[in-house]
Amino acid sequence: MKKQTTLAAVLALTFAAPAFAQKSITVVSFGGANKAAQEVAFYKPFEKATATQVVAGDYNGEMAKIKAMVDAGRPSWDVVEVESPELLRGCEEGLFEKINWAKVGNKADFVKPAISECGVGIFVWSTALAYNADKLKAAPASWKDFWDVKKFPGKRGLRKGAKYTLEFALMADGVPASDVYKVLGTKAGVERAFKKLTQLKPNIQWWEAGAQPPQFLASGDVVMSSAYNGRIDAAQKEGKNLKVVWNQSIYDVDSWAIPKGAKAAEATQFIAFASKPEQQKVYASNIAYGPTNVKAIKLLPAKVASNLPTDPANLKGALPIDVAFWVEHGEDLEERFNAWAAK
Amino acid sequence: MSESVPMPGALLAADGVPLKARLARQRRLRQLKAVLLVLPLMLFLLLTFLLPIGALLTRSVDNPEVAAVLPQTGRALAGWDGRALPGDDAFLALAQDLARAKEEKTVPELAKRLNMEEPGFRSLLQKTARKMPLAAGEAPKAALLDIDERWGELPYWRAIARNGHTVTPYYLLSALDMQQGADGTPELKAEEERAFLSIFGRTLWMSFWVTVWCLLLGYPLAYWLSQLPARRSNLLMILVLLPFWTSVLVRVAAWIVLLQREGLINSALMALGLTDAPLELAFNRVGVYIAMVHILLPFVILPAYSVMKSIPPSYMRAAISLGDHPFAAFWKIYFPQTVSGVAAGALLVFIMCIGYYITPALLGSPEEQMVSYYVAFYTNVTINWGMAAALGTLLLVATLLLYAVYQRLVGSDKLSLG
Amino acid sequence: MLPAYASLPEKAWFWLFRIFNVLVLLFLVSPLFAIVPLSFSADSFLVYPIRAFSLRWYEAFLTDGEWTRALMNSFIVAPAATLIATVLGTLASVGLASREFPAKSLLMGILVSPMVVPVVIVGVGAYLFFAPLGLTGSYLGLVLVHAALGVPFVVITVSATLAGFNTNLIRASASMGAGPLTTFMKVVMPLVAPGIISGALFAFATSFDEVVVTLFLAAPEQMTLPRQMFGGIKENISPAIAAAATILILFSVALLLTLEWLRGRAERMRTRKA
């Protein structure tokens, strides 16, 4: 008899557990240090302020899950962090709800790339060259140095994907930052980028998750890597001697989006909360990504601000990602890249 | 059948029914009972396993986009020979279809599908759709050519015409590095665009080597264990079973710790002065081989051990006492008796290998990824479910063929788990 | 084992063979022993030598909401999947044990196929098939597929036990006046139970170790322990992973010991019979 009761209890737990849960929303972000900072800046304070439980998850930016959930009409994610090209494409394909800006805040408070039909910008981040200053005698200054295996022997880390990687290859090949997307838009330009990448291929160690580059750098697996600036900053705070080269970095805005059919009201409430200057300030103090709320930038001490991609000194020589370009060519180039990488 | 025509003089059961008929009825009853017992599981597997996989397989030929979004264009192109630009009616149909698609927001799906066939099609469609509908009285052909002159090029029209059907060989052909030529016959893609044949080749090649290594390491160990006294062999068997029961994730994590650049093995080698610079052991093929052999080794050892245990040692002793060298005796008498059991284990390892995903994904570079990885890649990253399904179908066919051989070899009712 | 009169090459061969096998055994267990001490490291990177020991990663494991949720989820999904797989698998095995079963080997082939079909295919298939039914991102969907993956193990072990089962015992029991239920509970069960339990353990381990299907089907709420570890290994190999790994290793030791005990029991019963 006793056995049966336990079994019944297990079954009840299994199938009824979600029903007992309190009011909750599921927020999915790019994990690691970024998620840890969001935890402190957004999730915990939001839970306190509204008594709504935040179930946090992470992913690597794959849109398939969102598409499958939306197609089924029952998304289990309520708020998701997306990069700009995915935001635009998803918006076009009807994967995301339209943002009710009246409930989020005053548009004038946000930097321009943070405002869009289906998304609210969370932070400005940068993909930059990073290196371990303990392992390199001289400091690299550009992607040209990144490709120079004679001067800087050792492996390099690059994100396993076409985005950013192709741009960096072109800059290494001497294309000025302002012309990168013009060149990449031509067939010859794509060939040129892949040819340049092929040169470096034996020395590349690919990464997929943002937390990997600082680890590869710290463990000595690679001497240089492309990396999200915030992750490098987090490793610096842990005492690792890692450095960021802001020159020729590419910056983008990550946004909150609401999958179509999700709990839009609660989701909007969360987004509005997370977009407040105080919250964004806490976030930027925990990880070196620039706030999208102009008022938050003003709240930051100069020392923190100088580490952000939004600092004028860091913006020099950097280029913004061309969202339209990646919406247009993304799938093509990613598939081509994947075939190339597998060879 | 014998029930209806009772044989004269047949044995009768107590109630007067012929015994044979009664036995047959009993038999059918037992059969029915047996089937009823199996039925729930069959239904369960049908719903949770067989149907989902079946549905996945159909996706590899499913082609709804063009037929659904451009129905009129499809009809207009039905008799088109593909040699010269289609007539005005096709241009008109396209303009009307696109106007409706814009309204119904179905352009992105269409653009995505056609962009696979002809790069650049996405922008062409979106640019064109934005200018729809055409002003009344505008000549459709001139108008479309005015929006973009690419509407004057044949490959775009051919791509539409090719996909008027709701079934397409496109994905399966692509998964074999093939495409439909201008006249519709399959042909191999250009050298630099090929990828999957070599990935299938790599999958088989890596699985082959993992299997070989498992045999080389596992066979002698199983032999040794089978010769030891039971107490000791049971104790040592624990060392085989413990990793077998340990989570694959734990083992992969452990190997990363051991193999990484500043990991345990490299620090040991450098401390011993065997090497100056750390060796590249993780995130390449060496690492994947090591971890996969480690994970699959018990699958060779366990069946080999149980086969060897069942061989009476007297055979070998007899051969040796008759003057054979121990090696010769082993090779001629012992080894042949173990072949079928060990081969079954090896085949099982090979079958499991070709579907591997986790270990190469965590311990390998892109050059170590096997077919499974690309199934996941197309599912998750580019949301090209047709392509994922096509690769999955080919992988599944390979697996099931090998599985059929395995069944022949072992007999499914003789499967056992150590 | 080695006679005193063995020649030198024979001796050399004997020792080489032993050394080789000991090395293979070391290869099998060393990774497990390598990771355990790291979980007690005070450092936040997974490297040797360990400079200071601490329990901070166990504390981190047990106080981190995500790890404890993952642990709890694993203990919800795996038992539920095991229950389904064991009940359905045992019933089917009993049916299949009947000698007159039609198309037996084909059916057996199908029932065992979840073991060989690449998990990615199972995962993607279930993901696309379940999404419109609202079964992705739910415990139910995960439990169902995990149960399907566990079925072959139950069917194989229970069938093997039934094959060695002497049906005369049933007749003997019936002839002594026991009803079918009593016969089943008093005669069949005790003899078949070890097979069922070891099948259930295999099914449990399958679900408990499963990550690919979970990768596709689970929403953050259903994150299981292996899935959490998968993310951790990809993201940052911290000693928290080593702590989780150590806990899992302890768990597999427990499973293994249970299974060995069962095997010993079954063997004793068999020898007593003979």
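Annotations for the structure displayed:
Each chain gets a letter, A, B and C, in the order it is written, and its residues are counted from 1.
FYI, contacts are C-beta pairs under 8 Å (C-beta built on N, C-alpha and C of every residue); 3 or more make two chains touch, one makes a residue touch a chain.
All values reported here derive from a predicted model rather than from experimental measurement.
Farthest chain from chain C (centres taken as the mean of C-alpha atoms): A.
Comparing chain pairs A-B and B-C, the larger number of C-beta contacts belongs to B-C. With each centre defined as the average position of its C-alpha atoms, the distance from chain A to chain C rounds to 37 Å. The geometric centre of chain A is 32 Å away from that of chain B, both derived from CA atoms. Averaged C-alpha coordinates put the centre of chain B at 23 Å from the centre of chain C.
Residue positions of chain C touching 2 or more other chains: 47, 127-128, 234, 237. For chain A, the set of residues touching two or more other chains reads 219. Touching of two or more other chains is recorded for residues 262, 379 of chain B. On the chain A side of its complex with chain C, the touching residues are 7, 10-11, 13-15, 17-18, 26, 28, 31-32, 55-58, 68-69, 71-74, 76-77, 208-212, 215, 218-219, 238.
The touching residues of chain B, counted against chain A in their complex, run 105, 108-109, 112, 115, 119, 122-123, 193-195, 198-199, 260-262, 278, 283, 365-367, 369, 374, 377, 379-384.
Here chain C touches chain A in the complex through residues 44-45, 47, 66, 76-77, 79-80, 83, 127-128, 131-134, 136-140, 143, 219-221, 223, 231, 234-237, going by the rule given at the top.
Contact residues on chain C toward chain B in their complex (touch as defined above): 1, 17-18, 20-21, 24-25, 27-32, 34-35, 38, 46-48, 84, 88-89, 91-92, 94-96, 98, 100-102, 104-105, 107-114, 116-130, 144-145, 147-148, 151, 153, 155-157, 159-160, 163, 198, 202, 205, 208-209, 211-212, 215-216, 226, 229-230, 233-234, 237, 241-242, 245, 248-249, 252-253, 255-256, 259-260.
Across the complex, chain B meets chain C through its residues 27, 30-31, 33-38, 40-42, 44-45, 47-53, 55-56, 59, 217-218, 220-221, 224-225, 227, 236, 238-243, 245-258, 262-264, 267, 294, 297-298, 348, 351-352, 354-358, 362, 371-372, 375-376, 379, 385, 388-389, 392, 395-396, 399-400, 403-404, 406-407, 411-413, 415-417.
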